[in-house]
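Before anything else, here is the set of structures, which you'll find just below.
Note that subunit A is present in both complexes that follow, paired respectively with subunit B and with subunit C.
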Partner chain A sequence: MAEELKDIVLKYVTKEYLEDDSEPLTYDSPLISGGIVDSFSMVSLKRFLENRYQIAIPDEDASPEAFDSVNKIAALVERFVAKKG
Partner chain B sequence: MTNMRTYEEERKDFNWGISEKELGYQPGSDINIAAYCSDRICAQGKGDKLALIWEGHAGEVKKYTFNDMRLLTNSFAQYLVNLGLKPGERVCLFMDKVPELYFGFQAILKMGGIAQPLFSAFGSESLITRLADAGTAAVITQKKHVAKVRVLLNDVPTLRHIIVVDDDGLKPLREKEVALHMEKEPRVENFPIYPAKAETPSVLHYTSGTTGKPKGAQHVHYSLIAQYITSKYVLDLKEDDIYWCTADPGWVTGTSYGIIAPFALGVTQCVLDAGFSAEAWYRWIEKRKVTMWYSAPTAIRSLMKAGDEIIKKFDLSSLRHLASVGEPLNSEAVVWSQKVFGRPFYDTYWQTETGSIVIGNYPDMEVRPGSMGKPFPGITGTVLDPVKNEPYPTHGKIGLVALKFDWPSRMRTYWNNEEAFQKKFRNGWYITGDRSKLDADGYFWFTGRDDDIINTAGHLVSPFEVESALLEHPAVAESAVVSKPDPINLEVVKAFVALKPGFTASQDLDLEIMNFIRKKLSPLAMPQEIEFVPSLPKTRSGKIMRRLLHAKEWGEDLGDTSTLEND
Partner chain C sequence: MAYSDKIRGTYQGQLKGIQDAGLFKQERFIHSPQAADIEVEFPAGAPLKKVINMCANNYLGLSSHPDVVKAAHDGLDSRGYGMSSVRFICGTQDIHRELEQKLTQFLGTEDTLLFPSCMDANAGVFEAILTKDDVIISDRLVHASLVDGIRLCSAMHDTIKHSDMEHLEEKLQLHADKRFKLVVTDGVFSMDGDTAKLDEMVRICEKYDAMVLVDESHSSGFIGKTGRGTHEKCGVVGQIDVITTTFGKALGGASGGCVSGRRELVEMCRQRARPYLFSNTIAPVVVAGVLKVMDIISKSTERRDKLEKNAAYWRKGLTEAGFVLKEGDTPIIPVMLFNAKLAQDVSRALYDEGIYAIGFFFPVVPQSQARIRTQISAGHEIHHLDKALAAFNKVGQAFDILGKTKQEIIAKYGM
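Moving on to the complex of A and B:
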């Protein structure tokens, strides 16, 4: 699931948040600290993940650090998907 | 030893002439802000002092002395003149917090233009509204944002130039686009700085209006007088400070106190062009040995949320004074700051329209956590009875925050909208749009807005602007937008949406509408919650009762519902 998940998140972030002329993203590109996704936009990214994977990510887990790269987001989502069983 | 004497002493004999004298300004003479920011400091023999330390998110660092800044702003200004831009024309800055933003702002002022900074996260519709209203002649931007500017060429016929500051030549520039590489431009030693007088327009900052149309608060060069002295007295800025203002110059704090005030004082400031994270911010303070930190309640509450443990990893002992602006600073944040930093955040209150701090907590005055503080010594403020339009004779009553409109940095009008400007006054008082009460000692205590405008993370969002944009989504029949409480951002945008026949509420549609608004207006305006409803509460005459929805969100009394239409 890991690679597929990362791919889905990467494509979504690229489509929704990246400006046209920006450098292509990698799994490690800094999303929050790099200014690609701001704290308000993070809410819609979180909503996408919750809808797509039918999970609920509590606010205390949705920190800027946890959303700072596709790799980190994938790890967070996997954790909540596993919890769901 | 603070710059300001006790509040009572300053209040007794303060006058703006103190600031004029310190700046060497004679009434009637030239007062171009940009000249005060670099040329004057260089003329004082401080040209080699660091003016700006900038770091990007990838760790790249740039440092500029006041003389570098003088020469670069000269070159930049010459470039704008060579393009054919004229004094009085509006030049928009639409960029992240890169050095070109800080120097471009000053360059526009140097050549006599009116700087129009806009937040780089704005969507195309927000841009069009503001540029079309201002009749903007040029936009200075980065390649990552240029696509948002390209699409509005037909809507802003006055736009002649799109200046791209980081073009790498990989993609051809399009119609009206030109590349500027600030640091590669020939240095101009002597630029004929525009002889701006006190009332010459300088900056145009747009703010959300109650009718949906944003209003351009027009400021003048004389604003410097108030920005200089308030930063000296309230922020206690001193010559050897390392100052960090976390605001983006797309908003008024980022220009008044992120460009004009610190540079005019000859203070070194540092800028971190990166998204928020508690660790990155604390590391920045430690690395740059920040002494004065001016931030916002939302950021402070986000730091609180990150916990106290992380703070122990960093040496933050350089900090000597902290201040906050943008929205009310809750008492818990003040108490927390005292506990973890050993000093409180001093709350300050002002607006886009006021141009500088008008009410605040001062270094030598007792801080009452949760209070806005007291009017700045040169400013008369009160709480007005909204019925009689007179100050309440006794303290403790909630009313309108009102000011005598006579300080140097006040806006002079709303661009193209003198009517809206005149509506800001009642019985000779300027009405801020905020409500508060006074305590027995003259401290102001914020209680809320007096209109429907939403203050989210210190930024004002018009519900009408969001509702108009929502109607452009194919699924939306009608909507009502209100604020809802939020522990970090004070309040956030919530939309009640009734769908057109044939559309069904779903998680996907919810997200689609959120993203629609985010891209069209801005992330700040994006509803963080959408509630799909079969219909909206209306009066018998068909007007949506937003008040009712607002009261429901805030757990307030619904008030008079006798005019509510029955189903």
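Moving on to the complex of A and C:
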């Protein structure tokens, strides 16, 4: 699931936040600390992940640090998917 | 003493950091009334210099109009200087309500509430009408005052790519479960000078049962055939749920703003908006001036018509000279230079030629999008614009940017 999940997140972030002439992202690109995603716009990413994976990510877990790269987001989602059982 | 050397040193370090980054803002002192021709002291202590102002929000040229000045004098005489009270205690005069009624009529809404500024209107409106069960969906280029107001509100906040209506529709679907959805945009975007697609936006919002809020600060008085604003230009007068706007730009340029829109939403602001509740409203002298402005622009479109012609003349002149401009048809015409230092250097060179036009760069605009934002006024005559065009041509040649593409300018000066 890990690679597929990362790919889905990467595609979503690219479509949602990048302009057409932007540099392509990697799994480790700093999304929030790098100014690619602002903290307001993180909302749609969180809701997208919750809807897609049928999970609920509490606000205290949806920190800017936890959403700062595709790798970190994927790890977070996997944790909540595993909890769901 | 609580203000220790450590505290002072910390702030001195931060200020030096701002200076070192080339982002330090300095005021230029104007010794004359606001107009097309002004006298400026810059840098501080330098002899006064007569320059043409190409960067004021004085779109209709009413900031120093004799009729407005006289009305303000009369207002001062008849209603006094200050109110020494917030509105709901003893700070409301008959002329405050008169101005609200005139604005309601002019904007084509149901009711209006004055605020000390549009910054205050935007700071107060969201918290007054929305809760944590709601969502705000805003354009990513909306004005900073809207962003701040949204931050003060408990509603969820999401954004859309600039003027991307497909993206808006996706977001309205994503947030379909929310109690209320409020879509937020500028009417005219202040840094780029482009206009919101309000007709499409209203149609989409009707489909998804969403409200629309538009900040008309850079449109009230001159956009649309009779200057009502972007909603008039887009044919959706009466269909915008909330309009916020300022009197600090085209409408006399002094200060003050308002929330205008659906009766219940305006009343919620009267009951709950904190900048309304906890701050004095606009001083009587300013209200009297804005009332005269409303009279002038309600009787005739002469000034907005002249502004439209001036803006078209200016855009044509800059285009023919070979500058890279942002697309648009408003009096905000950004000359793109991309590099922050280049923007500041060009601004300084223009000043030496008698033209006052400021460079804008990050964080006011995105990285690599530095520019000189020119703003046209009905107070400009053709001779002002011709002189400014000659100066822009001369400076453009000196910096070798005329006829150059974005890529060529970046290759020469960097991002």
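Note that the second predicted complex is superposed on the first by the 85 of 85 C-alpha atoms of A that agree within 3 Å, B and C clash if a C-alpha of one lies under 4 Å from a C-alpha of the other, contacts with A are read in each partner's own complex, and residues count from 1 in each chain.
Going forward, a residue touches a chain if its C-beta (ideal position, glycine included) is under 8 Å from a C-beta of that chain, and two chains touch if they have at least 3 such contacts.
Quick caveat, the model's predicted, so the values are computed rather than measured.
Because the two structures share subunit A, they can be overlaid on it, and in that overlay subunit B clashes with subunit C. In the superposition on chain A, no contact is made by A:Pro24 with either subunit B or subunit C.
Within the superposed three-chain model, A:Glu65 lies in touch with subunit B and out of touch with subunit C [touch as defined at top].
Of the two partner chains placed by superposition, only subunit B is touched by A:Ile32; subunit C is not.
In the superposition on chain A, A:Arg47 contacts both subunit B and subunit C. More residues of subunit A are in touch with B than with the other of subunit B and subunit C. In the overlay built on chain A, none of the stretches 4-12, 238-246 or 274-282 of subunit B clash with subunit C except 238-246.
Within subunit A, the residues touching subunit B in one complex and subunit C in the other are 19, 38, 40-41, 43-44, 47-48, 51. The touching residues of subunit A, when paired with subunit B in their complex, are 16, 19-22, 30-41, 43-44, 47-48, 51, 60, 63-65, 68.
Listing the residues of subunit C that touch subunit A in their complex gives 138, 140, 147, 150, 156-159, 161, 171, 174-175. By the touch criterion stated above, subunit A contacts subunit C in their complex at residues 19, 38, 40-41, 43-44, 47-48, 51. On subunit B, the positions that touch subunit A within their shared complex are 57-58, 96, 121, 143-148, 171, 273-280, 302, 305-306, 456-457, 507-508, 510-511, 514-515, 518, 523-524, 526, 528.
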